[in-house]
Structure formats: structure tokens, C-alpha cells
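The structure follows.
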């Protein structure tokens, strides 16, 4: 299996990512802009928040990967998302789709259908978001997940097979699958959902790893999630609440080295 | 009076808010997006920054409350604000208006008049903003208040009576009135105006409490302001400046429990 | 030379800036909005993020200075940038241009040409951005600088002479010139490029000092850069990574007084 070698060393992929410092084009929401850029910089990547339809497609051709998050949608931005996603596909660049609360409004459902049709390399969402793709009734309330990650594993597998993409469900335990091989990543902290836009930032980080190893999107996703989980656990040990957690989390994303990541990542075959 | 029972226990309302974790739709400015979402998450609510006119109205019908802040205005956003405010009113959801520097430009004054006509449940502003509604000459400079909160109490009372809304003036001492019953809330810290968008974030928190007790907007506002004041005081005791204050403030919003809030809130009838 | 008196005391200019608390209109990108406002508030200025073309020009006439940053561009925003820049010029207000990655896309190059034609008082960029103005091949990758600051000194001098503006190149060592007199500012920390939008925030701070001393844009720029460098050095001494650096940096911007700034600033004639 393509994943076996790499999964034994997400640390190796972290080292490669830092050596490349890949340029990641992030079209993300207004809430996530700053923290997502800081997460990528802390981890060692080079984020660029280029979203306007006047330039998003041109920029996607020079970036190493693209991430698209629909948290704060509007028609002008959707134009940028679509031209960037098309350009990424044309130039063989991986692109990651983060369908924030795509089930919540008619408009969001329509835009999501258009973006999925542009064949994302990787889809990352919370349990409610992934379950909603399967048409199941979701417990999602607004933008937060009302569903347990485990309940989303079946829908994630189905979605991965249907679209031929990697699907990541993140939550208390993460689940990643390409429809054939699947992994669970443990770690993180209950403080993480108390800080806004960490999921969106994780999408950016998945983009950074996918840019580093575009031929291995499943492994890249697992490595990104493992770094997040290990950094989250380490940060929680230093934090007194969501404010100090955020600070410690950025410090940890920068401080964790390959050996620490490999020693502390808890990844199991699913 | 409707307020007497609850004012004796803002802590009880905090417990109820956390139990409900209400979905609060925040249409706020680009500066406030992240910190407002973090304030709501830290305190125990569930924020959703849904602003586009394509979906803001539909979303307002499923949210527990709506907050509208005009800090960074543009015509497309105003369309979202108006459709959301109309939907909130139609569905009996409370909505909170934050008229940032509404006196500063012709455009801002025009938009504010349109939004006030949609009958906000609660208006929260600084002293300059509330005084400017009364047509008085204001000392406001840009978006910061040049006026003392005490000078805004008369204009606040007048505005509350005129519009039939709850009006909150926040500053060194806060003043809240529904035109009949009025309260002052003491606390906070001089570091709070040195951190951007805390007032905008407080507007979001007022929305969270109003969603919890939509039938008691005055009490909900007082409880939100009391939590902010107590958390601000506690954070200032740990801070060395505006950076460390922000971190401690989010930690305190999450850490303060009902008993602590009731013990430390300083609320007086005005 | 105009600069000699003031350069001996950036601290004096800091005191003047804090006494005035100038209103600085910042048209900046979505990533920088929050941190730029916090940097200005911490340092003692009064930021206002007023960008829409419906009001940006009117507001520029009441602000003390304007800053324009093209990090996240779109046609509607460019309209606001241009009307604000025109109004600033008409009313004799200094305006600062921050040409983020202006070489990266066709759209960005076109907008930059339009803005430069509106005669900014000061241009602040990283080495790649300033070198690209000279038409040289740049090592810039996305929005981060791939070039050493020293290599940009010649292009900066040329640009300053050509446009009659002050040009600041910031990086490991900063370089500021009006085409005649030039200064280097040492300090800061390698953690600063690991935190997003600090350069954009510095542009805002240059605006605050330029508003304080509009007749001395070169000195104002040097004073702003010196404060940033001294605060960065002090913050790095307390930080464990990019997260804790940001927190300490805001604290230091507020804590540093005139005497400390004068004692620790390392400015040399170039």
C-alpha cells in the first residue's frame, strides 16, 4: 500500500515540508484568515491568501497547493474559488476542500455541489459535514459538529469511493480514507473546538503537506492531522483555557521536530 | 419588574446559556470576526459568521439570535444585514445592533437609519455612538469613544424610550436601560480599549444571552455585560499589557462559573 | 538635513504620537485587520479600518493618515483605496503604500501601478517587493520575501528618487531613504516573519508616526521602524515560539517608553 512506508514516519514528511516551505494558496473565511496563516507559518509553510477571481486562478498555477473553505461565502468569492480550483486541477496541483456547514443553507449546498464537481484532491470536514454528504440526517448546528466522528466513518468511506478523493473527518478521533486504506489519528484536546477556525487552519496545513507530496495525498493528510493532534496535546498540557491554548499551540507547531512527531503520533489502521 | 429576579443571578443565566450553547449569527466586521467568535466559544456559545445576502436571511431563521455590527461596511454586506434583521424579526429572534462610528460618514449614517428602522431588540454602543443618536455633538474620534459613559445615560434612556429597545452604553462603567429600568455594571479594565474589537465581541455575547432568554432582553444584556466586566477584571490581574490581557481574557471567559460571576458582578440600579 | 534632530530621539516622536493618539485609516488585508489594529492600539494610536468606496474618501479627510495594503485585493476594495488615496493627497494627509506581492499576478501589478500614480508619501515593503519595482528578477515566493534586505537598498534609493517618496525596506535589517538621506535600523527577531501580517501592521504604525509629524515622513518612518525593532527584540527574549512572541510583542509595544526606545534603538546612517 502506498501509505505504509510514510505512515511509519510522519516526521519525515514534516521535515520535507519544512525544507520546501511550500507556497499554499488559502481561500478561506474571514474568521480563519489570520489564524490559518499563523498555523502555516508556525509549522513551516508559506501561506498566501489570494482569493479574488481577478487573480486566484493565475496564482493557483504558481502555488504548491490550493485550499478552499466556504465558511464565509459570497458570489464574488465563489468565482475566485472556482477559477482557482480549475487552475489547480489543470496544473496538477492538489487542492483541499473544506465544506463548512455546507448543509446549513440553500446557497451553501449549491456552491458545494459546484466545487465538488471540480474534483478536490482531499475533502476535510467535521462529522456533521461528512455525514451530510451522504444525505443522512445530521446533528450539525450552525458550523459546529453535533455528530461523533465515529458515526462519520461509513459516510467518509462512501464519499471517498464515490468521488475518488481522500476524505478526512476530524474530531475527537480523526479518520482519513481514500476509499481503500483508512487510518485513525488520536490526540488533540477538548480545548481545540473552543478556539475558532482551528479546523479551517488544519485544512491549510493539509494543503502544505499535500504540496510537499502531491503524489501521496492520503499520507500527506495523515501527517498533517498527526502534527495537529500532537501539537494540540502538548499545548493543552500548558494551557489554562482557550486563550492560552492558542498561544501554546502555535509555539508547539513550530517546536515539534520530526523525532517528536514520530514518537508521539498515535495512528492506527482502521 | 421583569429584571429583579434575574439580576440577582447573572450566574444562573450564564449556566442556562452554556447548557443551551445557542447558535448566534454574527454579521460583524473584518477586524472583529476572529476575536468575536473566540469570545463566544470561550463563554460557551456557538457563533456562526454568516453574512452574505444569499443566505443571511435563511440562516437567521435557524439561529437563536442575530447580531449586526457595521464596523466595516459595504453595500453587499448591508444587503445581508437587512435580510437577516428582517428574518430575525419575522421569526421572533432577538437581534442586537452595534452601530460602530455611525456618525463618522454619510454612508454610515444612512445605513444606520435603515437598520434602526428594522427594530433591533438591543442596541449596544460606546458613549459617543449613543450620544450621536440623540443628535448631540459627540467627542467620538473615528471608531473610539471620546465621551464619558456617564454623559451617555440620558441619551440612552431617550433612545430606549423612542425606539422601544434595550440600549447598552459600554465604557468604564456600563449603563443598560429599557427606558424604564436601568442598571449600571462596574468592572472591566483600562486594558480593554487597548485591544481591538472587544466591544464588537461583547455585542456577540449579548446575542448569546439574548438567545438564551429572548423574553428578557434587558436581563440578558446585563448578564452579558457582567460576565465581560468580571472576566476583564480577572484577566487584567494576570496581564502585563494588551497582548497578555487578550489571552487571559479568553481563559477567564471560559473559567468563570455561575457562583464566581454572582459573587464578583457589581451591578447597581440606576 | 531634516532628519538629524529627530533621529537622535525616536522616543520623542513616540511621546508625541501617544499624546496625539492619531486616527489612522487602514485599508488593509483580511489577514492583517485584527493584528494591525492591535499593534496600533498597543502603541498608542487610534486605528480605523474604513475601506468601502462609499466612505473611504470622506473618512480620509478626517483621518490623520492613510495606509493602503493590497494583500487581499478585489475591485470593490481598489475603488476604496483609490478614493481614499486621492482624498488624502487633496487634504495634505500622508499616505503609506504597502505593495504586498505586487509582482505575483497581472492584476496585482496593474493595481499597484494605479496606486503608485496617486503618489504615496511612503512605500514600505520587503526586499522582494522593493526589488521588483526596479524591474529586477526577484526571489519573492508568494507573499514572503526571498531576497536579502541589503540587495534592495539600491532599488529603494532609485525608487525614492524616481517617485519623490520615502521608501522603507524591512527585513533582518531595515533600510529607509528619501533618496537623499538613508538610515539602517537594526533589531527585531527571526520570529517576526513566523507571525503573519507583522509587516502589514508595521505599515499601519508608520502611518501613525506620519500622522504625528506629517512634515517629516522620513523621520516618522525611522521612528516607527525603531519601535518595531526594539519591541521585537524585547518580545523575542520572552517568547518560546511564534504564538508567545505575538503576545509579548503587543505587550512590549505598549510598555516601551521614550527613554527605553532611545536607549535601545540601533539606527545608523547609511
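The chains carry the letters A, B and C, assigned in the order they are written, with residues numbered from 1 in each.
Methods note: a contact is a pair of C-beta atoms (placed from the backbone, for glycine too) under 8 Å apart; a residue touches a chain by one contact, two chains touch by 3 or more.
Everything numeric here is computed off the predicted structure, so don't read it as measured data.
Under half of the residue numbers found at the chain B and chain C interface occur in both copies, marking it as a different-residue contact.
Note: Cα superposition of chain A onto chain B, rotation of 120 degrees, nearest 5. Separating the centre of chain B from that of chain C, both taken as means of CA atoms, is a distance of 33 Å.
In chain C, the residues that reach two or more other chains under the touch definition are 30, 33-34, 76, 246-247. Those residues of chain B that touch chain C in the complex are listed here as 29-35, 71-76, 101, 104-108, 141-144, 193-197, 239-244, 246-247.
Put simply, chain C touches chain B in their complex at residues 23, 25, 30, 33-34, 37-38, 41-42, 46-52, 54-55, 58-59, 62-63, 76, 246-255.
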